[in-house]
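Before I ask anything, let me first share the structure, which is written out below as structure tokens.
Going in written order, the chains are labelled A, B, C and D, and every chain counts its residues from 1.
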Amino acid sequence: MKKFLNDVEHMLTESLTGFATAHSDLVEVQFDPTFVTRKQKAQNKVAIISGGGSGHEPLHAGYVGAGMLDAACPGQVFTSPTPDQMLAAAEAVHAGQGVLFIVKNYAGDVMNFEMAAEMLPFEHATVYTSDDCAVINSTYTTGRRGVAGTVIVEKCVGSLAETGADLAACKTLGEKINQRTSSIGVALTSCTVPAAGRPTFEITDTELEMGVGIHGEPGRRRETMREADAIVADMVAAIVHDFKAKQLPAQGEILLLVNGLGATPLMELYLIYNTAARLLQEKGFSVARSLVGNYVTAIDMAGASITACLLDNDIRRHWDSPVHTPALRWDM
Amino acid sequence: MNSATINHAAAAIRSAILAHEADIECLDREIGDGDHYINIKRGCEAIASIEAELAPLSATDALNKIGMKLLSTIGGASGPLFASFFMGMSKSLKASATMNTLVLAQAFEAGVQAIMQRGKAQAGEKTMLDVLIPVASTFKQLADQGEPTSVITTRLKIVTGEGLESTRNMLATKGRASGLGERAIGHLDAGAKSCQVMIEAVCDLVSSHSQ
Amino acid sequence: MKKFLNDVEHMLTESLTGFATAHSDLVEVQFDPTFVTRKQKAQNKVAIISGGGSGHEPLHAGYVGAGMLDAACPGQVFTSPTPDQMLAAAEAVHAGQGVLFIVKNYAGDVMNFEMAAEMLPFEHATVYTSDDCAVINSTYTTGRRGVAGTVIVEKCVGSLAETGADLAACKTLGEKINQRTSSIGVALTSCTVPAAGRPTFEITDTELEMGVGIHGEPGRRRETMREADAIVADMVAAIVHDFKAKQLPAQGEILLLVNGLGATPLMELYLIYNTAARLLQEKGFSVARSLVGNYVTAIDMAGASITACLLDNDIRRHWDSPVHTPALRWDM
Amino acid sequence: MNSATINHAAAAIRSAILAHEADIECLDREIGDGDHYINIKRGCEAIASIEAELAPLSATDALNKIGMKLLSTIGGASGPLFASFFMGMSKSLKASATMNTLVLAQAFEAGVQAIMQRGKAQAGEKTMLDVLIPVASTFKQLADQGEPTSVITTRLKIVTGEGLESTRNMLATKGRASGLGERAIGHLDAGAKSCQVMIEAVCDLVSSHSQ
């Protein structure tokens, strides 16, 4: 394992300190317990708080700022944060209108946020994201994983909260977006958790992992490495299939997010985007909004995910509204 | 049981976990996300760091404090579950006036039930519960029968091993491995492994004392 | 080599098509010859054109847009573009006030832009960037390489051009910034040129390449892998030394850019930033502006570069001015 | 020399370059950026693709067209340099009324001078010029002396090889390797290698025809 670090113990703290210094106009970080808030705390709105294991940067701390999150709680690498972090963050940013947690649907995140919610002295609600269609949602699983679609939920719910909407409305919008969003990821290499010091899985030069999770969890299938168009075609098919399974309209405007998992060059992401956009268009969807880059990563994994969110006027408007965070910024 | 015994047990657990780094770590890499060993280790070290604070406390308070400490230290899926275990155990002990093996077995069972509630899981879902549930029921049964400590520890070590081994051919229906379907088959569950290591360590400690 | 591609021949075209589609509100791409322009062409200002080999994305095409470049000419991967590209781009964006080329100082880029300039029917000038202080500028070299500091030149000169400043003023500002900017890079792994299909250099798990170029050119020295703070300390020392060699003031406000070379996670970049900012501060510089992320990459290389630009009111103002490009955007 | 000979030579150069992929490619990886082979190959293929367009042209026009084509195809450092070579050669031929070996040798030298001007480089800087300059002067000298083709080609192949070999122990002071200082020593220059391959191919072609 070759990484820029001093000792694994302090890696997260040092990195978060750097993050907070680089963006000291926008955010502040607290330690013991660890959480990130906007520098300029918002008044009189629902407080939107997210969090999860670290290693997915810029998620979530990179999305703290005007128009998006009020606070983020970074856990250890790939390990959900602990309830005391959420409680302290909520204490810091609650502005009288309740707290909405946005939580990626993993057992660990769910339970830690749940315990925080149980102890929270404020009105609160939780939106769980579960956009990963690689994991088939059936009675014998704990449900699908939340992956890159989480960014869309955080952006749009953040925007709605900014308008003074109440907790129930924020939760409703978040759940609607989650319902209209499907993602699937593919890995060409494993990631390496710094504290583990070695790759999470073995994969040869002729294989890929289809449906990989953002923690390097194995996906649907180990498949043969092949040309990008063939890989993307399978990914788009999975998303379209999932849209059907969710009984979403078979056409309409979409937001297309091609997300790098950490080590994939932008040149390849745009190549993936090119094919994905064409195939989705052929299937009747029109790509109305796009985002291409590293938004929800898996440390240093070479790989990418494709996310499609079926827009409506509401979602489009909240996606388009001004945002100013370390990792997502427009019209501000 | 008092806070001194608890600190002893915690130390025994800690060395056992450290000694099993390789096995535990690789299991969570195979069908999880590779952090289970680190999580557990972080928990063990946090408890070691509050040894002095635990010392003056009653067993009940010490267990509760351990639960709270784990809750704010481990994170992940195992954090709230182990925290719930100790807080559940503490609550059960508090309700009881006396302290004996049966009371302890009941507290253990209460701890396991707290895990089941928190995780909304049952036996057979390829989790730590596949070790904990059979251990809890065997423990209570043997304590009920008034078996001597040495019999109990010997038996529990066997049940623990069997529980762990039973996860090998299960489909996972809870936790991170639940997305894997058939691919999880053939792998032991990491949380089950760490529970087996911990329970075995405590059994060995107890039987060495009772000899 | 594992990359998302169909065939190496068409990789660049497919990727650029995806890029142009994803940012169709901002840019347009032309092929035969290949160049990228703003969708909304600017009027009555100096046309700022850059270009260079591909593989450094988002440089340069990602910086085409309001407040920055008018056009970019992407060459083949790591190969400078050809003069016909620059001529066609200039033809497309010349707005009556002349053309300024911003060129990274490599033999290939210099000669191709030079030949384009010789054939150009418009008033023109060229700024060469040479911020890489890993290469010691001496009589026996063709001069230092242009690396990540190029982004600062492109941003600020783009801003000045937008005010209607003339060609000479734009060139002067570009040269001033280049003079006040030093960079140094370090590689933990090699990059892989897609058409070559294998890593450009071999490097073991216990080595790093100090002073690496953005094309995987070997650097100053092969060194022993060590903790991040020690690596960063050497990089900062090289920059401070270079500032001295350039007879720049030994204190003042700087813009600190920590740039990922392609495969380095943001968590590590912020950790590097943390140490670099602290050390520069200790040496008497105050970090007034920051940029952390993948801005000038070397395909899929794990590694990072540190760039410091000594600000003055002029540079700071042009850095802060609104910009709206695919890869850099604020206040618009 | 006419455009048919030029097309033949281009074809011979192309196969020789393709046959030397491994050597050329690895040299530019060692002390450059690894694209030299791809660049040259792209150039060769571009020329092959305009074979039909070159056929009706005079040698002068064909060489100029080749230069223009290379200029818009290769890119990198070698693109403008090879382009300058052919355009320089074309210009020199145009100035001359007749065509013979000496005229050709002068044209070759003019091409090399165009490279020197464009690249602002001399012999001894570890570039393609370390092959081209000695080849140009030997070529002119032998042509001046009226040596037969077979003597010229044999001699030029030797000079080419020596020129290439001479780059091994040079410090690079031009091109991408110039940043390397001492580290460039011990490596051949990639552009010198591709020139050696091309010149050798043309010499072989010419001597096979003249036999």
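Assume a contact is a pair of C-beta atoms (placed from the backbone, for glycine too) under 8 Å apart; a residue touches a chain by one contact, two chains touch by 3 or more.
What you see is a predicted model, and the numbers here were worked out from it, not measured in a lab.
S.K.: Using mean C-alpha positions as chain centres, tell me how far subunit C is from subunit D in Å, no decimals.
M.R.: That gives a centre separation of 32 Å.
S.K.: Could you state the distance in Å from the CA-based centre of subunit B to that of subunit C?
M.R.: Averaging C-alpha atoms per chain gives centres 54 Å apart.
S.K.: Using mean CA coordinates as chain centres, what's the gap between subunit B and subunit D in Å?
M.R.: 75
S.K.: Multi-chain contacts only, two chains or more: what residues does subunit C have there?
M.R.: There are none in subunit C.
S.K.: Residues of subunit B that contact two or more other chains, please.
M.R.: none
S.K.: Which label fits the chain touch graph of this model best, line, ring, star, complete or other?
M.R.: Its topology is that of a line.
S.K.: If we use the touch criterion from the header, which chain pairs count as touching?
M.R.: A-B, A-C, C-D
S.K.: Which residues of subunit A touch subunit B in their complex?
M.R.: So the residues of subunit A in touch with subunit B come to 33, 53, 75-84, 106-108, 111-112, 114-115, 134-136, 140-142, 144-145, 193, 195-196, 200-201, 213, 215-219.
S.K.: Can you check the complex and tell me which residues of subunit D touch subunit C?
M.R.: Against subunit C, the touching part of subunit D is residues 25, 29-35, 37-39, 42, 71-81, 83, 118-119, 171, 173-181, 183.
S.K.: Which of the residues in subunit A come into contact with subunit C in the complex?
M.R.: Its residues touching subunit C are 1-7, 11-12, 14-19, 21-23, 54-55, 57-58, 62, 188-189, 205, 208, 225, 227-229, 231, 258, 262-275, 277, 287, 290-292, 294, 297, 299-300, 302, 304, 329-332.
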